[in-house]
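Both complexes shown next keep chain A, but they swap its partner, so chain B is in the first and chain C is in the second.
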Partner chain A sequence: MKKVIISLIMMFGIISSTSFAGTLVINTDTSDAAPKEAFEYIIKKFEEENPDVTVKWNVFDHEGYKQSIRNFLNTDPPDVANWYAGNRMLPFVRAGLFEDVSDIWKDSGWVDGNLSENMEHAKKSMTIGGKQWGIPYTYYQWGVYYRKDLFTANGISVPTTWDDFVAACATLKAAGITPITIGSKYLWTTAGVFDYLNLRTNGYEFHMDLTLGKVPYTDPKVQAVFDKWDELVKPGYFLENHAALSWQEALTPMVNGEAAMYVMGNFAVAPLKEAGLRDSNLGFFQFPEITPGIPMAEEAPTDTVHIPSKAKNKTDAKRFLIFMSRADVQEEINKILGQLPINKNSSVKKGDPFLAAGLNMLNNAYAMAQFYDRDAPAQMASEGMKGFQEYMSNPDRRQKILERLEKVRQRVYK
Partner chain B sequence: MFPTPIHQRPIINQYIYKIFLPISLIIWLIPIFGILMTSIRGLGDITAGNMWGTPSEFLLFSNLYDVFTNTPMIKYTLNSFKVTIPTMLGAVALSCMTGFALARYKFKTNLIIFFIFIAGNFVPFQILMIPVRDLTFKVGLYNTITGLVLFHVAFQTGFCTLFMRNFIKALPQELIEAARMDGASEFKIFWKIILPLTRPAIAALCVLIFTFIWNDYFWATVLIQGDHAMPITAGLKSLNGQWITAYHLLSTGSIVAAIPPVIMFFLMQKHFIAGLTLGATKG
Partner chain C sequence: MELNNSKPKRITWWQKNQIKISPWIFLAPGLIFFFIYVIAPIFVSIGISFYQWDGLSPSIYVGLQNYIELLDDEYFYISLWNNLKWLIFFMLAVPIGLGLAIFLNQIVFGIRLIKSLFFFPFVISQVVIGLIFTWFYQPNYGVIAPFLDLIGLEGFSILANEDTATYGIIFAGLYPQIAYCLILYLTGLNNINPEQIEAGRMDGAKGFHLFWNIVLPQLRHATFLAIVVTVIGALRSFDMVAIMTQGGPYGYSNVLAYYMFEQALSEYGYRMGYGSAIATVLFTIMMFYILFFIYRMYRNEREDNN
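For the complex of A and B:
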């Protein structure tokens, strides 16, 4: 009986290994139109360049993927899976589910030029424990989108320091314009503001320590962030009924000239332009400096590809990762996505000032934060963002909120 | 007669009725009007906050084009038919048989079985979510049209049985006895006597079940994960962009999704109204 079982297992092993030779299984969460098209394109290109490899591509629903990846990495691992940089990949790296791909980052012979050099600015967010665990292929910038015409009409120039920024808000408010629009109904928009205030007040390292749960929320440095936030919230520089609006609905006042700025990701540009704004009256600037001398880190949620450590075809998987890191490939992907390539040798669509500004800003960034809800664990992030929204509606409750978040931190990061 | 016809009421009540009927009708229809308007607009109008004003562009056809080309809407529609029609046939066929048995045969547990069927209607289906999902998963039907159809058939049969049993109960017993005297087998009685007589009830049930199942969203999202089996009601969400809620496309898609039940309703209007009251006449 035992022999039969063993031979069955062996037969199964042979069958499955032969069927996988030259087959590359890729799982992605690219269920939305543009990301799907981008992956269709690169998979076709990869197969053309590597005729000996057949790609089997499984598209998962964007939301459902967050659950499915936990399952399939253990039970039915593909050869390549997409995911996100930073602390988002930490649980998988810790559980030994992602393969160490530091060799791709080190070996300049793999790619055209030197990967480490071309992607140096993104290396920090791919590194855990001194090793790299994947290849980033797209990201987009966050920053302040503003109405150029409203700035000109009120004699405001683009602020680069915190004092200028607050002064600009005051001028706009006095002119009857809402300085900053925001829709906090779905909470996450508040985290964009918090992240930037923290990155600028305390720097990237502190922000990472906080999102990794190493620092209490009652820390004086966190208090300092809220002091800065107070300067915007207490005089009413944010849109008044923000808790009732989605991020999308909060675009309306900006389109209609009732609000001047929005701390947002680059995806806000497309709907704003569709609603009639042009390059002549819509602009972008980097979130201003708060504490002088702190290196400017930016918010740039990054999409990445990884090799599961239980993958069957790691050789071809590595070829695919190297392929994904190439400047020309990243250029094409991001043209389809309307986002930014990470490889410094890639260029972006000409004539789009927002992409150009973003590319320039991120290529020179000190480091990349991934956004609060990607950097912090899900439970902490959801409580944190609830707290931020509550604070923005009732700044007087700040102390209570921070104490509550501290309790959550102690529970979540046990 | 209850309710008293309106023209027999005091004159003042008639006036109040005449004023408030159109008002409530309009209030009732505003959301549908809003969806129709939104399906004409572009995203620009929506972002600019122009929700109820005149659309700046007439984009119905380009929205329709987007709905059908950007997403597997045709596949979703087909899936909806693949779920709805077998469910309708299955539930109606089963309930004709159970209805006949429960209405015409005297056996000890008759009433208990009938109550179990009725009780099924009173179970809030949200309670069943996790067990049903586990069950379909264990028998390997999770994420398949078959799984969804089987569940719908099982769940709808309760209501259909109540409906058919009451209808068959109301048929004159003499017809059946006459057939029996002539030596017809029990199956022949069911097939030749009962079924032709219940035709109006079957038609009404078919219309009702068609609309119920077509409009189902809950179970489609619980039991189906992938595009291959997703019906249109749940597939509508794929019209959203990665970042943006595409209200204009969602509205257009909703209208497309609503067309088959609406057509069904107008074609079978008589049966539909009959169906709503049929089961209620006799308990």
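For the complex of A and C:
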């Protein structure tokens, strides 16, 4: 019996000691095809450059990861984990589960040039309490995706002002086409519309104040956003029954030519093209200006990598984060992802008009919002988006909804 | 003889108490696990309901704050009201199951196959049923869309409408539940005493009278069981809601079980304390019902024994 116990102890000793020497454990939620391929590439390249490190990579299901990260950060922390920027990482930072990586941002040693300079525009969304908590590696633009052929057939040119936009909707509606498609079953799509109306009506600073809980939801400026929203909801410019559809299901009317526009992220391009749309009939434009003179800020959600504070191999984890921030690495992974690199020295995949338009738009953006559910705390976001969906189905309940959201705000931010 | 009497055999403590103790030894593993996985979590959960806790940071004691907030929470009342709708309309499974059972309780060629086909919905996972019914309800291109067109509800979406969403889910939930009640009644019908029916016939009872006064009383046990499983099914209606609407549109098809999950464990939730408070309310409702159920069972058994 004693022998067995001793040999067991020895076995565990061997196992744990081998896992210390140069093993880098990485957990990611990259279960979809393109992100998975991107990480396969990164890990292979990292191992080639660092032959002394063996990477152990665990891929989690994209949805399940949101639950598992809360467990594994505490109980079985990897050395690197991916997550999202903005307020989405706040609970982990506050609970002391993410490692402060400000030193990488200050002086990364083998990064070509200064990181803070090369990723200046993303630094803000990685900063909490004056420190940086991770490295961003990809982002993508939001905006309006539209059917070029339907616009041409109805004599509409790409709208750049709010009046043009509303007029375009009216023309399309009169022609029997649903102006804007949306699937709000999973709620977050409504936040994209709200964010853009808010960013264009009140500007980026107000968006941040609202999501940080500094402004009441009953504020006249919030009312102004809903006044604009009324102009689209009340005449029925959005797809009917949107509450029953997921965002993917709401693509169908657009593919069939029954709907003309979709306020969406760039990830919608891939399924739209798979369903048969081409560069010739699918286009992208920036969400039009509402209040003249307000600088145009955009939605650009950022994906990030972090080091859990309980990680065993922090040295190699930092090497990996530095590696992920490099211009050449970001260039390659974003070519695979079909998204935009954060490092401004990376070049973008050529021949993709959507990425080119997105890059151009974001390079000229005044500021970048992460998205309502990443900038606002989770509890506020869930109630907020529920409210937006209810409003889109019952615009006359606006006041009641805003009062309820205000009640939630007072609870969440106290 | 005398010697034997003067030296009585020593009876050990174990021998004296063996009969009393051994059942407890056999029960012990079950009891221990029942305590760890059922009893203890109830009290832990009630305890958490007095805290504000996101599962990561240290928890803060807030007293009855979660319950006070619950009283002022619109979505809580919507969920409670929906639970009531579930309780009432889910009960339809019992008479429909009974009707089908009586219909199928005949001896014709292939009846065994037909019976098993009727039982099939209960074998399919609830998740699959929820998914398929969601497709049925799909506006414009779902299976029922042409029928909705006929009655002038073109493009009407049952699951996107706050007034109909819950009924749509309950209807989908009835599909397997009817099959369950059906099988309970079929076994019940097997045990019916044919002599009593003969006697009833001789006394001139037929049709509905025969059914109501002779058959139904003998199905008492099956009815009781069917009602019990249906009530429990209604109260824990979680999977259907999760698959079909996620409580939507805007929380109007929520039930307490799902609302608890949404607050405590979903992507945007992690209000463990508030979720536990909802769980405690749901537990209290169920407790009343379970106590009544146990009391009935106890009384029935005593009647049967007498």
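Of note:
Heads up, the rule we're going with is that the second predicted complex is superposed on the first by the 390 of 414 C-alpha atoms of A that agree within 3 Å, B and C clash if a C-alpha of one lies under 4 Å from a C-alpha of the other, contacts with A are read in each partner's own complex, and residues count from 1 in each chain.
Heads up, the rule we're going with is that contacts are C-beta pairs under 8 Å (C-beta built on N, C-alpha and C of every residue); 3 or more make two chains touch, one makes a residue touch a chain.
Just so it is clear, the model here is predicted, and its values are computed rather than measured.
Once the two complexes are overlaid on the shared chain, A:Ala34 sits against chain B while remaining clear of chain C. In the superposed model, A:Ala275 lies in contact with chain B only, and not with chain C. Contact with neither chain B nor chain C is seen for A:Ile342 once the two complexes are overlaid on the shared chain. Of the two partner chains placed around the shared chain by superposition, neither chain B nor chain C is touched by A:Val329. When both complexes are overlaid on chain A, the residue A:Ser246 reaches chain B alone and has no touch with chain C. Counting the residues of chain A that each partner touches, chain B and chain C differ, and the larger count belongs to C. The residues of chain A shared by its contacts with chain B and with chain C come to none at all. For chain A in complex with chain C, the touching residues are 63, 66-67, 70, 74, 91-92, 94-95, 97, 185-187, 240-245, 373, 378-379, 381-382, 386-387, 389-390, 393, 404, 411. Those residues of chain C lying in contact with chain A across their complex are 54-57, 69, 74, 137-139, 155-157, 159-160, 162, 245-246, 248-251, 262, 265-271. Residues of chain A touching chain B in their complex: 31-35, 61-62, 64, 246, 248, 251-252, 255-256, 265, 267, 270-272, 274-276. On the side of chain B, the complex with chain A involves touching residues 42-49, 70-71, 225-226, 238, 240-245.
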